[in-house]
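First the structure, then my questions, so here it is.
Here the chain labels run A, B and C in written order, and each chain numbers its own residues starting at 1.
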Amino acid sequence: MKFYVCIKQVPDVNAPLQIKNGQLIQDTDRNSLNAYDASAVEAALVLQEKHGGEIVAVLIGPDKAKETIRKAMAMGADSGVFIHSETDTYYDSYSYAQMLAAYFKNKEFNYIFCGKQSQDTDAGLTGSMLAELLGLPYVTNAVGLEFSGDVLLVRRQGDTGQEVIELPSPGLVTCSNDMNDPRIPNLKGIMQSKRKPVESVTSDELQAALSAVKTKILGYEEKPGREAGKKYEGEADEIARQVARILDETENVI
Amino acid sequence: MSTLLTYISVNDGKIKRSSLEVLSRCNELADIHNLTSSALIIDKDASNISEQLKAYGPSVIYTIENPVFKNHLNTPLLKALSLAVHSIKPLVVAFASTESTKDILGALSANLGAASLSDVSEFELTETGVKAKRPVMASKIVSSVESSDRLTLFTVRSGSYDVSLKTAETKVENIPFSFNDEELKITLKEIITASSDKVDLSEAETVIAAGRGVKDEEGRKLVEELASVLNAGIGASRALTEAGVYDPSLQIGQTGKVVSPQLYIGIGISGAIQHVAGMANSKVIVAINKDSDAPIFDIADYGIVGDLYKILPPFIDELKKVKSEK
Amino acid sequence: MDEKFDCIIVGAGVAGLAAAMILARNNLKFLLIEKGEFPGSKNVSGGVLWGSDLAKLVPKYWEEDAGWDRFINHRRLTFMDEQSAFSVDFKSAHFNETPYTGVVVLRSKFDRWLADKVQEAIDSSDYAMDSFIATNILVEEVLMDNGKAVGIRTGEEKFYADSVIIAEGVNNLLTRQVGLQDTYVPADHILTGVKEIIRFDQKVLEDRFQLNGRSGMSNEFVGYCTDGIEGGGFLYTNKDTISIGLVLGLKDLREKEKAPYDILNTFKQHSVISDIIRGGEVVEYSAHVVSSGDTRLMPEKLYKEGLLICGEAANLLINTGKAIQGMDYAMRSGIIAAETIIKAKESSDYSETSMKRYQDALENTYVMKDINNFQDAVHLLHDPVMTQKLPNLLCDFGRNFFSIKNEPTPKSRDMLRGAIKRHSSYWELMKVGFKGYRAL
């Protein structure tokens, strides 16, 4: 079994940020492995522990994103592929999907795992785009994975319930973080990651596959603010009844 | 004349309100830009459903009907959508954002070579494509985005627009479609449905959301009682869906569902940004939490500081009284 | 891979990073372990790194536009009462010369930047593949064998080394675990620091504080700011934010049942402060314990066989009212600790005698000299006369001295006399004055 996991470095959404002249500024420039991709890595590791195989983490990004590949390898991925791109702000999901598709074109593998979305943009497009560009069957929003023989059984969260889908190899899955709790690398893992091979690919050749970037960010703005309203503290019975009345009389939502 | 095409999401023979919201917005834009607005139903009962849709006034309702659409599966849906776009040649295709439409949006745009935008909260047309707003950074801020493609596909968050009825001359046009099982590639083995006939969360007028503070059976009973008094949908934070207390389809937030009810009541929920991402657009937000510093109070209109086990009984009692007075 | 390290350093704060830098430069094979998600993620500090030791670690750091925010060329010490502020203000072009003697740092950025520098040093050392900075790992135990430190344990994993440097900061659990400090630490000499970061438009900030380029200001406060609790306040200008906060006696807080955050709010509402912070947006709040610099809290011995303790883990810090110095002490002690380990490795001697060199060397630096010389100043700062009466007195005097009332104006000598009578007594002042004279 060979698994590729596509991982992305994203800005830490919990870190303070500000908008200046429509531009997004991150004070601390703190980045992390996309949480959904961490779940994808974890899912692959669990399958590998049971069934063997090889896990390769693939990332497109600028130099500073290399540490994110190390993170995946410290978790347990066997090796990494670093596709260097000058920027991480200009490309949209389509661009990444095209570059990834160009990379995977002549590769052999059983399954590609992606995150179901990027934590910063919540786009949720790259995975299924990549599958379509490679002509692979795919399942998105996976919340559970297991093998039945050589075929992957994927549980996905659908609109009304969970759909259990048989996905033949080669195929692609996008993973939800509801699937598992990604392991935190231990010291051995961190130390070993340094010796694991990372193949460097320049994006020049892959960029050839890139048609025009189709969507563009024009700018950022604050969300229409929500002010903190009124806080009720004190005797439970009294404040509970008070708010209940207000919901009816003032807000008219009962 | 070019058309704005709205894909109509159907659940169990019923049209999802969120896709009517999108259709209403497209109707409005079509009027402004002197275009037409049309709708597409892909379902095993598409022609029956088209009757329900006429009241919302699309100029054409396209239907694709096939038993394969009984359950959601991306392969046939993609094929049908691709076929529809090739024959209708719309300017844009708009979808309500659901797990099913999110499943195919990327693949469809790759298939058609079209631009795509997911989960937008506002959209308008430009000379060359679509301009939209979408929440980013766990919905802490909003980005403006633009597509510059002839064809743009996008999904729209529920609650972004109001539904309006429209009387118009509506044509229904069937697009012939065939599908054989060999094309399926993936096989649906089973559907594990959440306990049925509950209110659909993303469309509920009132949502009660339970968090880690709801610790036991007694807490869940209180939540249920409150929900039944208010005829509300029950949702949950990840803390509880992860623990298996509530069905994962009830998770509200960045990973789960986006809700925008008239009234949201968060019970024992701290208000992590990833949860807030899915409910911040609720009209009135009430929070019950024993920690007066819980971040949910920063966005709640009414924050009740206290133990939910002590707050809920009188709260429910008072609401019952209010109801009975009506 | 499983072979021994020369050294394991616990904690990637200023002390640990400084030690690591020296070890990397001298080709030692080491492991630096930090429990935070990244270096700096757990560190709170008001933010002025005093002195010029940073240039020892990163020569010409000032040529870089990262890690550090501003250098201090403007200092102010403010005495406050409820409505007024009486300041001693000093600004000098001397301070504009490199190496600067005070730079403002935001720890979440600075520690990471310094860690990157250490990584660079590792990469060009002989142990590029064998020395590590590992984050998100909690060291739970220092492994001892017959009184000698031999490694560390984290979870189930054990790692071995010839030496261990504990640079774990003020919550020095490991220091206590190896028996160099009592497990029970009385609250008397412990403070708690609370801090907010408030953001402004950079231009507004620069105009408001008269900053030019990368120059910055530091302001210390005594008096009303702490609402009757022993301690003081501080304000530093960062790039486009200010750090504002208080350092408060833990015991006093407990006894008077006050919450640090409430006091910080009162401080911020003082008319003088509210004018300064107007229009700013609070972007971060944090709280952290800090030692007082009282030697009674310091471990007597900072070493064991194969083991050294540096930085605030050893309570190396001083707060004299005009500045908190903890980071520079941490840095220097980290450097000396590393140098001691390097020497020990050369002679393969990690015995107590060999480790003792660290403490001896430290005694001869400004770190221990200042700590010992300024103990009285430390005590003075906790004297209510100093934190309450004196500020009130000065502000009272200031109010009279600076107001012009179209009435006969008393001589300033008389104004001062009046102020003293109202708030204190000559006798009390003489005592404090004498203490102050001895202290400084």
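Basically, a contact is a pair of C-beta atoms (placed from the backbone, for glycine too) under 8 Å apart; a residue touches a chain by one contact, two chains touch by 3 or more.
Since this is a predicted model, take the numbers as computed values, not measurements.
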Chain at maximum distance from chain B, centres defined as averaged CA atoms: C
Innermost chain, where centres are averages of C-alpha coordinates: A
Interface with more contacting C-beta pairs, comparing A-B to A-C: A-B
Between chain B and chain C, centroid-to-centroid distance (C-alpha), Å: 52
Whole-Å gap separating chain A and chain B, where each centre is the average of the chain's CA atoms: 21
Geometric centre distance via CA averages, chain C-chain A, whole Å: 39
Chain C residues within the chain A interface of the complex: 1, 31, 33, 38, 108-109, 129, 132, 134, 136-137, 154-155, 157, 159, 199, 283-284
Chain A residues touching chain C - in the complex, by the definition given at the top: 16, 18, 27-30, 184-188, 190-192, 194-195
Partner chain A, residues of chain B touching it in the complex: 11-12, 71-75, 78, 98-100, 102-111, 113-119, 131, 134-149, 185-194, 206, 230, 238, 241-242, 247-249, 251, 254-255, 262-263, 273, 280, 283-286, 292, 297-307, 310-315, 317-319, 322-323
Touch list for chain A against partner chain B, complex: 11, 13-14, 17, 19, 24, 36, 93-94, 97, 116, 119-133, 137-141, 143, 153, 155-168, 171, 176-178, 211-212, 214-223, 226, 228-233, 236-237, 239-241, 243-248, 251, 253-254
